[in-house]
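Heads up, the next two complexes both have chain A, just with different partners, chain B and then chain C.
Up next, the complex of A and B:
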């Protein structure tokens, strides 16, 4: 190694030799099954990545670090923002160099799309903990998903909103892929239930000034508003503006997907969000024994309460699926057999009863209608008020 | 050395030798990359793709003195053009690279036409505005570009009809390496040509060049087109190797990163662009693998240290070291 390094005195060789020798350090033991997890562990989406990690760690704490005598080793790789080139490079290295048997994680759709073409050749299944576009599932038969899709959470919400006797809606979504999907799904559901979306507003990404939007909602004479924004500062701005500009006091109802009221944002949203109705697959406050155990382990892994949110449950259930895959293949690398083994798998998740749909390999789950309210201790929670069991992804329905 | 950076006749033979030596070094480093790191070829291909972008930026910043924070507009144009062509049945890799180069050159012409209206800071702002506009256009035209989900599903034909762009990425890497070497050699000829000299002259003393009767705009806009073609090839290479094109390829972040890599390596030397890219991306890659949670802080600290201790860029510092060594050898 050393003599070869001298041979390539050019900086590139030197720098990369450094790279190589460092990563040789963790060579695999005889019966260790490696699992590569790609997610945003740093940068603006680090909280979501931390939730991936918390979900994984929570599962390992509860179930131990081995399955059927096979030790599990997790290799985390950071992908801070959507970057398909980097995603492919990371996945390739995990498969070829680190020799992982399973891939998991993936927060953004383009990254998932860059990884799926590698799966067949690498003989590796990919369990997606988040990336939520329907089309990922059709790009490779070796993909299983334990998160949700925007259409999946929005469709029951649209129905429930129309069932409340509201007929005139305005939709206000952020102008990018998932926002446009949400608008379409909501409109379809509301119209099917006899309601009407009188105006569709698309808001620029990253804007935090919403008073003109509120004015448009007021001018349209809406009784209900459907909103979809990426979580973070824009969400806070939107909900505050909705309350401050008098729309909320005037009795206009705000509906949204659960991304807007993720638990880590609730303390900041506070009173402004009270009474807001959201549709989503998971609330930290979900009332079940399994969930209480999960939340306790998850909060410990993430380092305290208040940071645990929905990507953690995707990761936790993803680990459950991967463990079943390992058990079904007896620790041997056989991606097809592994995926085959979890088709139709049903279990009790912290979010409620779930099942891997055998046809689409996407998770079938209960979608809850929740209201932002205070619990007995005075903390803001997403209180579940209605449930729609057995929801598949409408985007994949044939 | 004169103000225009022209060297006396006697010294002309040495730069040519230096060029040949640096091309040989790139080939050698590239080949050793292939043998030493057969499991990292996807990453190395990404390095080459970005290296082409940084080279193209060097043409504009280093040789013409036009600061730009929007170079990814050209890279993204090439990536999307190649991606869209590939989805529409043009799968031959060489043809896709040419399509990327053409798209980059056309975008470069347009970008140049806008940016050359201004000077200094307004010019920099224009470059940011252009990349943001293109980013938004790529986001909006989802039917064409896939929007924020990215453009996916392209299947480039095997290289020479034989070598697949597969999991191991050997074909993609060697293809990229060949492309880089040829491009680098051509660019060396370009910057040594009278045209390249005029560009450098315009950077260092525009008044004097105009006194020679040379008008700046046609020269600079040509350089923009060439720079666009190089960046476009980088984008097309990325599209072929990854088979997905995302919005990140026309982002401000990528443009800014390219500038960081260029400054790190050293401006106006072409080799600096390559060294900067390789060093920056390797450091990032290695540290992020060791600690995926807190690596950004460490990378930031290392960059600050490098810029403080090597203000002329890594290649400038290497040159200085070489000069010192030579002086010591010749008492």
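Up next, the complex of A and C:
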């Protein structure tokens, strides 16, 4: 496997000699604070890992590589696919051997679940840049999350879909944790608004040929379809099949989470996705000064336009949170104090106004309803058409 | 209020026809990609795990030609096939030639190594995003068959599959090249003694297999989208098809693709929640009943 275990590590030799020795080093004034980031930097999800890195680099370019006189050193660790055992081993190595004060990243839920039991003993907070299952937050009080949950993006979508006067839905989701979450959240939201989900289809994770699924949707007589698939090659097959088998020309409306229309896939989806409605927390085309600056820095870090997508904003905001933690603890290793300091933290993110919910430590944010459309230059974008501000994670609401 | 979803949906006649058509298209796409692998494994006795990588290279070339250079679809396919063969020729000379007589383990190790290199290089050159091959208007348009509409491209894939199967059968069973190829496979030293240039024959059939892989990569791109990990992602499916069909047999590969394609598609329609259960169940049954595959040759 072409594993690139270490990406750019910003070594400052002088400061390191002091900080790396023993735990006494925490008292030092001019020190280096290490931050370990775990993500899929190679393998089939390398694009998502690249986006983690782009988000982190964008933040460092804009804000400099030190916080309150403490140098930040990033240690990247590659975890190509969901692999809890390896995730645990990597986190352990980062905490014990590399002596990181903060952990960040994590693309898949099982990996996050494997890392959280280590946090208390290691005295290290974990800031999750992506892993989107609600339950992670309850597994340790030292976890903060700057991404989204499937329930969070799906609930407003379900309401908006039912508000369009469609009453008969079929849900088609990928058969794994987040898919089941998405199905539940959509169904609940649609039923609350008076609609009906007449059939729920769970598709195997490695499905590549979707015409039988489309046939099933047609036979169920749906007016609207809700779809959730993780980003990647199958989303293209799904959207194309929806259009090719005649469901789209027949006027059936397709609703999905933003995973299906991440910006890097839009040029490939093209015309087949036009008019598709998605619910998500971030679009690269979001109209704000903060976002334009972020996108410019992010595209530079990732090596050109067209590859930047949502995990980058999770990483960028994650860096903001970690910087606040470093400032609040004065560079000392104190995980509890660090997490306490960011509870209720509110700021302007590239995605819009966000806040760390003090109860759940998950990010409260605006969820946007978007339509796949062309911008003035003729590029396909996720055009924001409606916003639902201040959305918490319904999956964590008691 | 929700109706409980029916655990089992009995299809109407119209639905059954529609599923059969989808299965045919999917099976044919698999066939075009896999037949080359079946030939290398059955006739040349090389376990080429880089077969998917060559299909992917074909896809990338076609995508580059049709999308970035705006050339026609037919031209893009030709370019993809020729380009991939051109890339494969030095590889055959430098690497593959050394493993023809080696153990299967050496073959697997070397070809998987080539696959990883190809993945790394494409990721570096073309980036990790999905690449599409724009279809000409005639193939992109849905065709109305009365009981349903089907993408014109799928009809093209079905037709291509039939042409490939017929053409290969003719080439191997009815031409002078076919006779020499079969002779070289049966007994290479004897064939050489009779003046058959086995090295040339091997090189030509290797090129043929790679060319078919590239064509399959392009024609099947609507089913299996082109991205760097393509080379490994679908390799298991390709190998399963070859072992079920019996390596080296055109009829076997065709039967395996149609059988597995229709089981896969039908099961996904009737019981999607069972995932690949029925697909692999069928594979296990076939392999138990026909250890050499449906129409495999006895080992020489």
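Basically, the second predicted complex is superposed on the first by the 368 of 398 C-alpha atoms of A that agree within 3 Å, B and C clash if a C-alpha of one lies under 4 Å from a C-alpha of the other, contacts with A are read in each partner's own complex, and residues count from 1 in each chain.
Everything that follows uses one rule, which is that contacts are C-beta pairs under 8 Å (C-beta built on N, C-alpha and C of every residue); 3 or more make two chains touch, one makes a residue touch a chain.
Keep in mind it's a predicted model, so treat the numbers as computed, not measured.
When the two complexes are overlaid on their common chain A, residue A:175 makes contact with chain B and with chain C alike. In the superposed model, A:334 makes contact with neither chain B nor chain C. By the touch criterion defined above, A:95 reaches chain B but does not reach chain C. With both structures placed on the common chain, the touch criterion links A:47 to chain C but leaves chain B unconnected. In the superposition on chain A, no contact is made by A:371 with either chain B or chain C. The wider contact with chain A, measured as residues touched, comes from B rather than the other of chain B and chain C. When the two complexes are overlaid on their common chain A, residue A:203 makes contact with chain C while staying clear of chain B. When the shared chain is aligned, no partner comes close enough to touch A:71: not chain B, not chain C. Touch criterion met: A:187 reaches chain C, while chain B stays clear of it. Counting contacts as defined above, chain A residues 43, 46, 50, 175, 205 meet chain B in one complex and chain C in the other.
Residues of chain A that touch chain B in their complex: 4, 7-8, 10-13, 15-20, 22-23, 41-43, 46, 50, 53, 76-78, 80-89, 92-93, 95-97, 109-111, 113-114, 117-118, 121-122, 133, 135, 139, 175-178, 180, 205.
Against chain A, the residues of chain C that register as touching in their complex are 1-3, 5-6, 9, 11-12, 15, 18-19, 22, 26, 116, 119-120, 123, 127-132, 142, 148-151, 153-154, 222-225, 227-230, 233-234, 264-266, 268-269, 272-273, 275-276. Residues of chain A that touch chain C in their complex: 1-2, 43-44, 46-47, 50, 175, 187, 191, 196-209, 211-213, 215-216, 219, 233, 236-237, 240, 244-246, 249, 264-265, 267-268, 270, 306-307. Of all the residues in chain B, the ones that touch chain A in their complex are 25-26, 28-30, 32-33, 36-37, 39-46, 49, 139-140, 142, 146-150, 152-153, 166-169, 238, 241-249, 253, 274-275, 278-279, 282-283, 285-286, 288-290, 292-296, 314.
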